[in-house]
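Next up: some structures, all given as structure tokens.
What follows is chain A paired twice: with chain B in the first complex and chain C in the second.
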Partner chain A sequence: MIALRRLILLILALAALPAGAQPVPEYELKAAFVYNFVQFTEWPADSPWDSSPTLNLCVSASSPLSSALYALNDRAIRGRRLAVRFVGSYDALPGCHVLFLDAADRPRLAQIRKSLAGAAVLTISDDSDIIRDGVVIGLGLLDNNRMGFEVNLQAMRQARLTISSKLLRLSQPISQPISRPSH
Partner chain B sequence: MDETFRRPAHRRRMAFAPRLLMPMCLVLTLSAWGGETETLRMADLTGLPIERLLDLEVYGASRFAQKMSEAPSAVSVVTAEDIKLFGYRTLADILRSMRGLYVTYDRNYSYLGVRGFGRAGDYNTRVLLLVDGYRVNDNIYDQAPIGAEFGLDVDLIDRVEFVPGPGSSLYGANAFFGVINVVTKRGADVHGMQVAAEAGSAYRRAGRVTYGRRGDDGAELLLSASGLDEDGRDRYFPEFDTPANNDGVARKLDYDRKHSLFARFSRAGATLALAHSERKKGVPTASFNQVFNDPRSLTIDRQTFLDARLDRALDMTEQLSGRLYLGRYDFRGDYVVNYPPPTLNRDLSRGRWWGAELKLVSTRFRGHKLVLGAEYQRDARRDQANFDVEPRNTLLDDRRKGRKYGLYVQDEYSVTADLLLNLGVRHDDDSTTGSATNPRLGLIYRLTPATSVKALYGTAYRSPNAYELYYAIPGPGGSKANPDLKPERIRSGELVLEHHFRPDLRLTASLFRNKVTNLISFTTDPNDGLFVYRNLNEATARGGELELEILWSNGAKLRTGYSRQSARDAAGSPLVNSPRHLAKLNLALPLAGDSLRAGLELQHVGRRNTRAGTTPAYTVANVTLLSARLAPGLELSASVYNLFDKAYADPGSEEHVQDRLVQDGRALRLKLIYSF
Partner chain C sequence: MPPRDRKSTPRLGFRVAMANLVTAAAALLMASALLIAFQLVSLRASLLEDLRVKARIVGDNLAAAVMFGDRGAAAETLGSLQASPSIVAAAVFDPEGRTVATYSHRGDEPLVVPGPEFAAQDHRFTWHTLDLVQPVEHGGKVIGMVRVRASQDGLYSRLFAYAGTTVLIAAGALAVAFLLVSRMRRAVLRAEARLDYLAYIDPVTNLPNRHAFNERLAYALERADRLGERVALLLLDLDNFKIVNDTLGHHRGDALLAAATHRLSEGLRRGDGLCRIGGDEFAFVMEGPGACDEAELVARKTLAALAAPFSVDGHDIYITASVGIACYPNDAADLQTLTRNADTAMYAAKDRGKNAYVRFHSDMDQRARRRLTVETQLRKALERDEFVVHYQPVYDYRNTRIVGVEALVRWQHPEQGLIPPGDFIAVAEDSGLIVPVGRRVLALACRQARAWQTAGFGPLYVSVNLSARQLQENDFARETIAVLLEAGLSPRLLELEITESVLMENTQAQTLLDELQAAGVRLAIDDFGTGYSSMSYLKRLPIDKLKIDRSFVRDIPADRDDTAITTAIIAMAHGLGLSVVAEGVETRDQAEFLRVHGCDLMQGYFFSHPLPAGELGELLLRHASPLAPVA
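After this line comes the complex of A and B, so read on.
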């Protein structure tokens, strides 16, 4: 029992350490980033952006982020209403302005690419594999417990999107494994 | 500790649950208090400028090693990084670093103990071993090979997950105490040629050549061949210390040889994997009443599998996976029995099977993740033979076939953003032992952004295997069949708490209770002295686990845990090979940035009962130094296992004369990996 008691004391001691500013939950923070990305992105004039009354954010319903993203539903962005859509089929993909992909989408990535086929879609992912494969914006945790993002300029041009220089300035490489010290 | 032991049994059992509940309540209180100060929720976050968002500290759920399995359980994960840093040589090394697990080695095979159940000699039939989803347990012994007998080089492992608790609701038979999920590396992880060479104590030599690549079209290829040759040391067994038995020394009989091949190709959702391995082990223990120190005692395990998988997205919400597999397992055991005269007796087992699985994952209904599956397996051969080699005398020639199928459904239902319900059930039917239905129920509730609670309940089963049912040879050290064996069953309940004290500090606490009925046990019939398997009433294990993980910004990492369990049979006596206490510590330390790192490991296993007495508690320390950038592409690691040369022993099993089997003292290993 001594070992257990020591462990409890250790836990208490660690809990009592000054924590600083209260950290925020990962998924909610990622959703807030997505919200910002949408604000700083311009779609080409021939995209469904002009004809659609809503700005469609697509995500798979099984994504751990789906709940956090759904909280963005109905928000106004530059006069449009943001509609979070749990995509039902690939045919519906051209209606997406924003597509969030996570690790679960890996096996169907080839199919998704085919159905995107150069469409003006802002693809965002938090999965290192998918980011490496090429999405417009990659989101990831950095070593200092902060969130960072990187903009893939080539993917951005292919999707004919314009992303504000403010966002580009804050972009930093995140696709390295996070366990590696940043020196 | 003695104080606890003197208490009457009922008191003892009551006593420790509150002791573990106390810290759990404490943590709950702390986290509830933390929840009030948690004010930055969604509304606030989207209102912040992006520069502020970049500056916010985050509870990174994905920062800690994430489980990929669908089980609602407190999963332990060991990654490729850990395998390198802690110098793990076998899957057994990996597993013994995990919460609640311990490994027993009888100098032939390694056996996994889970939460107080460590059935030495059970060939790990009560854990299911999956490699990329393929079921490795063979169809004769249902053996989950975890020592050198495991066919995959650990260098090819990307991650190992251990899912404790009953998994029959998803995987059917053998997912009894838990499921070991091995995920292999992909071509992109190796990227080019890689050559590894190692040398170690007991004349250990091992090597590996691997080629990996990823094409522009996303196709990936991995090819690898490995070899191991360990001469082993001469082993002294006091039980055999007579002049006629070479004074108890088994000479040159602890050798371990293996070669293995692995190939995998994947393209556009289709994967083809082929694995083959052969392991030959000298048996120095004279198990099964053999003549001591006879150089002919050995076992050979040969395993081959071909696994073809196709994952297809039907649309954005539905994914269909199909799998076709072919498995082969051959065993040869050479035993020297003194009839008299001393005679070479041989076991030959041949297992051949093929099967298919179809699985649909659907997220069509909002908030639900549905998994529907069907599995069919045909056992073309489950043959066991035994004969004396010279003069030839057949003692057993048993040929069996069989088939089994399983149907399962699971729903992961997000009731609210913070409440997840996991319901699953699977029905299995086996041509030999009949049918079984096993449910699982899981509830995961996020109390605060930093705290979640899981409550789990489930059952699992294991059918008696061909060996337990049909193996029979007459004579001393012989066995008899028991075709009347029934499946054994487990009923399990667990409460898990996960709490982040800080984004880089996580605590996992759990309380569990496992009750096994109809336990199939290896025993000796007192009437004829023959080994036989019997359904021996029941056993119950209960206990608790605490684990703490801390990450530092310089790359240092600590994982430490303590578990306490008590496993008893129906009469209330503690089970054999069941430690009350287990403690683990794994510390990863960067010494010179990325170029030099150290992995320190401490493992404590409490006192265990043996058949006749006890083995004392012990603590073993292992240290590895890893230099990643010695030269471009060159990586060197040096490991010392059992650093302080601690003398310790594992309990022997029914087939051993030895009540305790002494384990290895200090051992060294040097390993070089060159990538080009």
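After this line comes the complex of A and C, so read on.
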């Protein structure tokens, strides 16, 4: 009850602010999406998830999203801490729970696939080629020009992940990947 | 009981019943109102609970949509609330208070972000709606807020249905209770009326009883005082009703009473209260200024009404009545005196030979008082043994021998001297004192007869008169035999005399007479020819002797009727094997006539007056040797 009251007071305080004054930059929005995906995803029991004190989010250091993602580092999530790891080589992806791939990763895709080899990793990408090649969640624009995502159920099952139906319900076919104009 | 009071009882009862009904209705109404209020509270609580569950489910489902800012999905999720008809609107807000999605059931205005009124409580009731605010959480974090509004219309319609049902049931219960109570009330009233009826009404005649009569008379006197009017009280006693009851049975006696009542009522004004105050006693209470003047007319009409014979089970019965009239306030100042005076007048009517009415007169009061004095003195006389017996000899005219004596009671009053039986026997009969007096006479006579026997005057029977009261004594036969034994007198020498009328009025005496005869006592019919002279009882009863009444003897041989009757009686007695005695023989002509016609036994002044025992002893002594009759 007290928590509720605090929340409501907070909301009321926030409500006073001018809503939507600043448009959210694309990378930060994508990072927020990634963060939210993690909240609706269950990793299988034998994954490193259980033993690890952190939830590891792997991204290429050269990715344009890396800084926006890194802003999430040390965030508390589901009782753990989010750790952002920059990976240079994709030979091994030790301890990655989430792997964000973008257009720059296209050439390494085969290698990455091999390294993953059915590991329980939530793969996310905003690149249409990579999405088509098969990642668990693809980010892109919807018909109404808003940010949206689609969940590849086959990839999800291969990675032995469970994504909450609440999230699945929001999954919609994306018309165009957002990242293309930036590359 | 004054009639007004009775009438007011049911009205009062009705008011009490209505008051009870109203009280019960008020209690039921209050109970119903409390139940409805409780139902409202519990319906609201369950609506709130239901809304909370739905808001939580929706909030849970909204988490992802809110998190990703997916308005479409949020609206779709909110749209699922359509399944719940009570929810009219819903909205979900992000933590910044921006509306993510809204839903409305009937196109109501979209809900706005909740104001500070929800700070203290997550819900808010208005007259028609219930608003609930529920946080949308995910992973322990609040990511938004959902506001749901439910309409209370459904709740109210359920409440009204419940209220209607409750009121209907309450009204039904009340109606059933009222029916039961009023039915019970009617039963109680009927029972009360029946008890009242039994307490105040005589069941044989359906007339008010003595109890009711007393109340009615008291009421009448009170009213007469108030209005300066008069009250006439008529007491009516059916003469000889007891004979009907004894000879025809109580059932026919009752039928006769009912028939007599019917005739009595017919001749009365509506206001004249006819009551049955005793076995064969009735009373009228007449009211009004002319009551006392009309009373005698009513008495005449009453006697006339009873004159025609009553037909009861094929028997034609003639009854007569004696009526006594007393007037208030002329003859008496209070109820007791009025009743007593009417009673005195009624007895005066009986003394006048019955089938008559007598208006009370103050002389009667004195006579009644004298009667009371005589009664008191009689009791004393019994204690002091003031009764003596005189004996009148009975002669056998053929040889002028004394064959027996008739014992006749006298009262040796210490101040008034010797009182003849005519002055006290009636009082003794009425008061019942005749029984001890008769017992005393019987004992004295038996002892005297035994004494003469011992003195050598040969077998001399003694004749003793019996009264009706004595015949009604259960153990009279046993007592008589005990007296004989005690005196040492042979039963053959005792003769009991019973008058015809006493015999007729005591038909149950047959057993008693049979017993006495079996013991050897002889029985004689006194005053034969004056009463019913029914031939049947002569045959049936164990009679030994007839006594020809002095009224027939007086005018013989001159009167042709009397000579005819006398000779007929003598012939009949001889024919039946009975002996016959003539009473009141005063002249030689009479004695000769009787002897010629076969009646040899005689008594009367021609032979001897009744004498005290001593003088009769002397007479016997003189007769020891045959002498000429003493005049």
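Operating definition for what follows: the second predicted complex is superposed on the first by the 147 of 183 C-alpha atoms of A that agree within 3 Å, B and C clash if a C-alpha of one lies under 4 Å from a C-alpha of the other, contacts with A are read in each partner's own complex, and residues count from 1 in each chain.
Quick note on the criterion: contacts are C-beta pairs under 8 Å (C-beta built on N, C-alpha and C of every residue); 3 or more make two chains touch, one makes a residue touch a chain.
Only a predicted model underlies this, so the values are computations on that prediction, with no experimental measurement involved.
J.: Chain A residues in contact: does chain B have more, or chain C?
T.: B
J.: Between chain B (first) and chain C (second), which does A:72 come into contact with in this model arrangement: first, second, both, or neither?
T.: first
J.: Would you check which partner chain A:141 touches, where first means chain B only, second means chain C only, and both and neither mean what they say?
T.: first
J.: If you stack the two complexes on chain A, which partner ends up touching A:126: first (chain B), second (chain C), both, or neither?
T.: After superposing on A, A:126 lies in contact with chain B but is clear of chain C.
J.: Would you check which partner chain A:107 touches, where first means chain B only, second means chain C only, and both and neither mean what they say?
T.: The answer is first: A:107 touches chain B but not chain C.
J.: For A:169, using the defined touch cut-off, is the partner it touches chain B, chain C, both, or neither? Pick first, second, both or neither.
T.: A:169 sits against chain C, while chain B stays out of touch.
J.: Can A:153 be said to touch chain B (first), chain C (second), both, or neither?
T.: Touch partners of A:153: none, neither chain B nor chain C.
J.: If I apply the document's touch criterion, which positions on chain A are contacted by chain B in one structure and by chain C in the other?
T.: Overlap of chain B and chain C footprints on chain A: residues 1, 3-4, 7-8, 10-12, 14-15, 17, 19-20, 33, 36, 40, 148, 166-167, 170.
J.: Using the touch rule from the top, collect the residues of chain A that touch chain C in their complex.
T.: 1, 3-5, 7-12, 14-17, 19-20, 33, 36, 39-40, 77-78, 148-149, 164, 166-167, 169-170
J.: Give every residue of chain A touching chain B within the complex, in rising order.
T.: It comes out as residues 1, 3-4, 7-8, 10-12, 14-15, 17, 19-29, 31-33, 35-36, 40, 58, 60-62, 64, 67-68, 71-72, 75, 86-93, 103, 107-111, 126, 133, 141, 143-148, 166-167, 170, 178-181, 183.
J.: Mind pulling up the chain C residues that touch chain A in the complex?
T.: 60-61, 63-65, 67-68, 70, 73, 93, 95-98, 113-114, 116, 118-120, 122, 133, 135, 138-139, 142, 145
J.: Touching residues of chain B toward chain A in the complex: what are they?
T.: Those in contact with chain A are residues 1, 4, 19-20, 22-23, 26-27, 30, 34, 37-42, 45-46, 48, 50-51, 53-63, 68, 81, 218, 268-269, 311, 313, 315-317, 319, 361, 363-364, 366-367, 369, 414, 417, 449-450, 501-505, 507, 546, 548, 550, 553-555, 557, 562, 564, 581, 583, 590, 593-594.
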